[in-house]
């Protein structure tokens, strides 16, 4: 039973996304299946070429692109949110898949976490 | 003690007291869980929720001290309280072990909370316990 | 699968819309904290199975009206127990 | 030069509105002119008949209705937000005045505070 | 009166709209922190005098584009010094 | 020291470190204020911003300690740092005086901050100092 961790806020402005990602990675580390869904402003997590040195933070891009290596099952991106943020698939980190955010999608997960 | 149809809950609190309503809603819910004959496996503080485990919170005398109210509830019902250690250290919530390890001037973790990792939360997800989240309003 | 969505954020927040976008026709919605002001928002079409915490309604001087069922914390526990899945937005 | 303190969030769910009100009252206490503007979900601060005993908080309604006594110059309510929240003037605490939230309104204040 | 509006919240947030609703034609807008993603939001019509913090743009992998002027923190200081009024949303 | 066209700023920080970006943006701005030949009258921590004055904040060693970075900046430039006493007490940020008054187990206010009332902020509003706010993202 895969846990769906939803990230719906832009990176760096708050810690909520980082702490959501930590949850997903912890699940994977303990062999509990987990997937990530980026929606709303959250799709900005997936943009390639992030460089947060100027704001004294570590890039989240690497963590996301390494997520599948650490056992995260899927990196899902809400298609409408991608469009709203003018993001095309080739601008996204490796492994991200566009999906329709809908009741049908969310119904696939018994546990949904959205900090 | 509990009836055959009783359930076990895990409550995750991510909203801070005096910033969000989360600790109050969660406590009212927790009291109702007990009143309805169910049980609580664990309370897990995460993100800004770790401030609920501060022993130093000092609201005006005519306001509820949520840290105290929650600590008393956990002790009374023997419910384990866990503050995520990564969230807590960043936000300045330490027990005396971490105080010594990082050579800080004081410890401020209220009894009965323990500082532990996200594995505690994963355990709840993997168990039959029903997990509810009490967030801030952002 | 019987799903209970719990939302604590004002309907102005994007998260509120995110909750409704994941809402299936037969799901249940529980409004808590600042979300209860949705009971007073004219333009908002709330789902059929909509509940709100009485303590939060009263705090904000609201009544549940025709479209929302007012429940107490024990009622909230019952809803979560009966649900196969609870999503806290 | 009156300071405009803007409150745009529903009461009780967060402390931001209380701390905004404290700012306005402090200004008044130190004889600095201050006005309050409620907009968005913030207009719910003005609804009569609030009873937060069940959530262990003190009513903010009294503080708002006493604000003018303590020297707050105006209690302004954004008309469109009142409508959106189905609030009529007779449902509001004493002293609240409906205004149009606009650049022209905000231009009257050299200091605008919005927590 | 020359007004500089500084907004640090994502365009999804109601506060962002509140800022634009108080915005007069000749005012200046400075996007900081999560607000810089507005530079990439297709549907959003940003005002003529629109700036964004370079460090925040770069952090999020964005460039300012044609409609937004990228500035550093010293530039931010200059904007605040030149403004008669600064509103932080 | 300052040129005739130099300005004085008051910075109000309402967003907490490790929860919002406010302390970083405010510090980068403050450094630029000094670099541009202006001055800072006062830094006022309000609401969740008071957590920046915690001496116990312990981020991982590869992350910036914002409490420390800010305290060093204030000391280096002789800028008064004030945490709103009402915000701080509720959120468990105490100096030794308040610790004793309320009989708490520890104090955790970092040097050089003082705990004072909103009057300090009102003074900035009433002065010629330019007041900027650094909020959380909610």
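The letters A, B, C, D, E and F name the chains in turn, as written, and every chain counts its residues from 1.
Methods note: a contact is a pair of C-beta atoms (placed from the backbone, for glycine too) under 8 Å apart; a residue touches a chain by one contact, two chains touch by 3 or more.
Predicted model only: the values in this text are computed from it and were never measured.
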Among all the other chains, which ones are in touch with both chain A and chain B? C, F
Comparing the two chain pairs, does A-C have more C-beta contacts than C-D, or is it the other way round? C-D
Taking each chain's centre as the mean of its C-alpha atoms, give the chain farthest from chain D. A
Return the chain whose centre of C-alpha atoms lies at maximal distance from the corresponding centre of chain E. B
Do the two copies chain B and chain F share over half of their interface residue numbers, or under half; same or different? same
Chain D and chain F have mean C-alpha positions lying a whole-number Å distance apart equal to 26
Report, in whole Å, the distance between the mean C-alpha point of chain B and the mean C-alpha point of chain D. 33
For chain A and chain D, what's the span in angstrom between their mean Cα positions? 38
Could you list the positions in chain B whose residues touch two or more of the other chains? 18-19, 21, 25, 28, 47, 63, 86, 133, 135, 137-138
Indicate the residues of chain E shared as contacts by at least two other chains. 8-10, 12-15, 33-34, 55, 88-89
Junction residues of chain A - those touching two or more other chains: 9, 12-15, 40-41, 55, 57, 111, 114
Among line, ring, star, complete and other, which best matches the way these chains touch? other
Contacting chain pairs, sorted by label, are A-B, A-C, A-E, A-F, B-C, B-D, B-F, C-D, C-E, D-E, D-F, E-F
Of all residues in chain E, which touch chain C in the complex? 12-14
Listed in rising order, chain F residues that touch chain B in their complex are 16-19, 47-48, 51, 54-60, 63, 67, 86, 89-94, 98-99, 102, 104-108, 137-138
For chain C, which residues count as touching chain D in their complex? 8-12, 33-34, 37, 40-43, 54-56, 58-62
Which bits of chain A are touching chain B when the two form their complex? 3, 15-16, 19, 22-23, 26-27, 30, 32, 111, 113-115
Name, in rising order, each residue of chain C that touches chain B in their complex. 6, 8-10, 13, 15, 32-34, 53, 55, 72-74, 76-78, 80-81, 86, 88-89
